[in-house]
Amino acid sequence: MDPVSTASLEVSGLAFAYPDGHQALFGVDFTIGRGERVALLGPNGAGKTTLVLHLNGILTGGAGTVRVAGLQVGRRHMAEIRRRVGIVFQDPDDQLFMPTVREDVAFGPAAAGLKGAELEARVDRALERVGMAEFKDRPPHHLSFGQRRRVAVATVLAMEPEILVLDEPSSNLDPASRRELADILRSLDVTVLMVTHDLPYALELCPRALVLSDGVIAADGPTGDLLADDDLMRAHRLELPYGFDPRSVPAPPGRG
Amino acid sequence: MGAGHSHRLYRHGHSPVHALPPHTKLAAVLAFVVVVVSTPREAMWAFAAYAMLLGAVAYAARVPAGFLLKRLLIEVPFVAFAVLLPFVAEGERVDVLGLSLSVNGLWGAWNVLAKGTLGVAASVLLAATTELRELLHGLQRLRLPPLLVQIASFMVRYGDVITDEMRRMRIARESRGFEARGVRHWGVLAKSAGALFIRSYERGERVHLAMVSRGYTGVMPVIDEVAASRAQWSYALALPCAALVVCLLGWTL
Amino acid sequence: MHAPDGFIDVPVSAAAGILAAGAIAVSLRGARRELDDTARPGAGGGAERTAPLAGLVAAFIFAVQMLNFPVAAGTSGHLLGGALAAILVGPYTGVLCVSVVLLLQSVLFADGGLTALGVNITTMAITTTVVAYALFRGLVKVLPRSRRSVTAASFVAALVSVPASAVVFTLLYAVGGTTDVSIGKVAGAMVGVHVLIGLGEAAITALTVGAVIAVRPDLVHGARGLGQKLKLRVNGELVDAPETAEPVPVAARSPRKVWIAGLVTSLLLAGFVSFYASANPDGLEKVAADHGIDQQAEEHAVADSPLADYGVKDVDDARLSGGLAGVIGVGVTVVAGTGVFWAVRRRRTADERAEDTTSAGTSV
């Protein structure tokens, strides 16, 4: 948790109610420095998804502000914000909406105006970073779930985002795919915000964690410390898998 | 994968017909079918000529005759219809093998059979030599409204996902001992259909979010430019042009 | 009913093509409005949402057409989907979705001729959705506000939409058919069998709409504005909030008028068409063939139609007889529909009484 000079993401005083009156966020404040990997933990219904949808301006209109690399999220910079914040949604089938892997990865950069050889190079680079280069011309539904999730990460990497936001990245993955994805995420040098229920995964990948509960940030600190705090965990309906002791696991290597 | 949806008509290959840009093929097939339909039905030899033209294309595309003939089965309902025509049509009648048949009906049956078969054969050749995604590109190049092409692409992309969901729901039903046997069970099936609609719609909303998150503003970015050279156009249009000659001859002779 | 090439002559196919193109152009605009999500301010306008949502609904229609509904021993039917699409997502999006399904079926599976695409879109996409939606909205306005009314209205809308599509097909055939078959026979077989198919379509559509409305009433486009009334808690009891504004009307005209006008038109149309159609006096004999035409042309295996005979037996004048049969067809449809309403309405009032006595608790 080193204080970093430029923050990738600054959220302050964020509150939001859906049009039907249900209020999901009640003043969320946090800052994520450039290059940090942070886990966002919280029980179902804590407002995690609502928060994520604010980061690139899909939901707006509540109170408070969100800044991405100093740029305020709002109508004025929407295109730039959406390029800088890469959201990987939970179901890769929702994310991969184009007929082939290549076209899907190219979608974001092409929407931003990239063309020709430059676009092609961007696609290749993104696919290589997730180890999916050889699947370029396959239709997404012919890939395994783990492969699809990796392509989903590539679609976002291709936009060269400032911050990568992953919604439940480890869900439905077999242990090998889970580890492969972890290796990929560790190898990236972008800021990562990872929304997850998978506490061991959070501990493995993210030195820092935030706990979102009832629409506010209830805790913010090193992941190992938070997971070891039994009272905190119980108060926010967070449970470790059977037999898992965060104290016995070596802390994840931080980055300089 | 979902029955019937995956693009089963496509045959992978590297023939000259496969290599043609999709929009030229689409235009050629459409023009060919229009010409065929405009041919007077009395010019029976013209239809034989059309069939030979298609045979030549099939040969160039290396689509085996058996494959083509099997795909023609889709026409069977209309064959049955055509067979009925001579019995029900009006006008002058002739006696064939003791049956009283309408002359007009015989012509009508021939007309529907010949034109319908040629139309189906042409479409099957198109589908057999063009990949699904290419067909969509072709439709776009032929100036179909972009929004319509987008809708079609999403349908193609998610058709399998949704038929797969439907299959899983059926397996779930059957695993719990339910088997639809008659009208009494429609309620359960309809509930599945309703659930399928809700899932489809909600997936549409999530896809929309994912698209917007990557900078979508209502216009699909152009990723592949499909362009056709003059030579490719003339190559593709050789089929309808030849057919047109036959058709004109059919009218004049 | 996917017509192949050469079934309808070129001029009529072209005219139908132009009609279809026009309708699709109008629908492309209309669908943006329908799919616009004003409820979520940041979620973007209809233009962005149209492609993914309509695409997914088209995929749904495609998939659901493969869902087999067993009728009896070995035979089964499936949904055509026009009415269902219109009710669930609105007429414009409905036209788009069914048209896209037809387009792809024609291009990818050679199912329905390319030159007949205009004819197929006109009969199966435009006619079904427009007729179903007009009827549905009309009925929903006339009937009491409840979920059962929506189900009943879906039933009638789907029931009428299928024979309506057959009537339009017959009209096209009358103008541009390539074989001189007595139009009376075509109309008889088409409308007769399609009333039966319509019954199946109606049951499935109504059940499906009912299933959706039970879980996500907000997703049923045709039933927007039927949402539950706001309640106020006054002295611990729930009280209906005073209504501030009527739900946005979809049709500007008075619903009763629309309904009556629609009914009269369809009666007139059916009567007139059949009258004109059965111009040939010996058009009433080949009953078997009549059955054949449609049962084969339509992939549905449906049992004999009570109206397949088409003409009314005891009436001598063939024309008159044909016309009468058309009117009777529509009449039966309407009577069946009305019967359903009455049943529903009765049950509803009974329910309300029951609810009153047990003091208001749940409202749907």
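We just call them A, B and C in the order they show up, numbering each chain from 1.
FYI, a residue touches a chain if its C-beta (ideal position, glycine included) is under 8 Å from a C-beta of that chain, and two chains touch if they have at least 3 such contacts.
Because the structure is a prediction, the values reported are computed rather than measured.
Common neighbours of chain A and chain C, by the contact definition above: B. More C-beta pairs touch across the B-C interface than across any other pair of chains.
The geometric centre of chain A is 43 Å away from that of chain B, both derived from CA atoms. Centroid to centroid, with C-alpha atoms defining each point, chain B and chain C lie 25 Å apart. Shown for chain C are the residues in touch with two or more other chains, namely 43-44, 52.
Taken residue by residue, chain B touches two or more other chains at 132, 153-154, 156-158, 161, 203, 207, 209, 211-212, 216-217, whereas all remaining positions touch fewer. Residue positions 53, 58, 97 of chain A are each in touch with at least two other chains. If you check the complex, the residues on chain A that touch chain B are 53, 56, 58, 79, 82-83, 85-87, 89, 91, 93-95, 97-100, 103, 106-108, 110-112, 115, 119, 139-141, 155-156, 159.
Of all residues in chain B, those touching chain A in their complex are 1, 132-133, 136, 153-154, 156-158, 160-161, 203, 206-207, 209-217, 221-224. Residues of chain B that touch chain C in their complex: 2-5, 7, 9, 26, 29-30, 33-34, 36-38, 41, 71, 74-75, 77-78, 80-81, 84-85, 87-91, 104-105, 107-109, 111-112, 114-116, 118-120, 122-124, 126-127, 132, 135, 139, 145, 147-148, 150-159, 161-163, 165-166, 180-183, 185-187, 189-198, 200-201, 203-205, 207-209, 211-212, 216-218, 220.
Within the complex, the chain C residues that touch chain B are 4-7, 9-10, 13, 24-25, 28, 43-45, 47-60, 62-64, 66-72, 79, 88-89, 96-97, 99-101, 103-104, 106-111, 113-115, 178-182, 185, 203-204, 207-212, 214-216, 219, 280, 286, 289-290, 292-293, 296-299.
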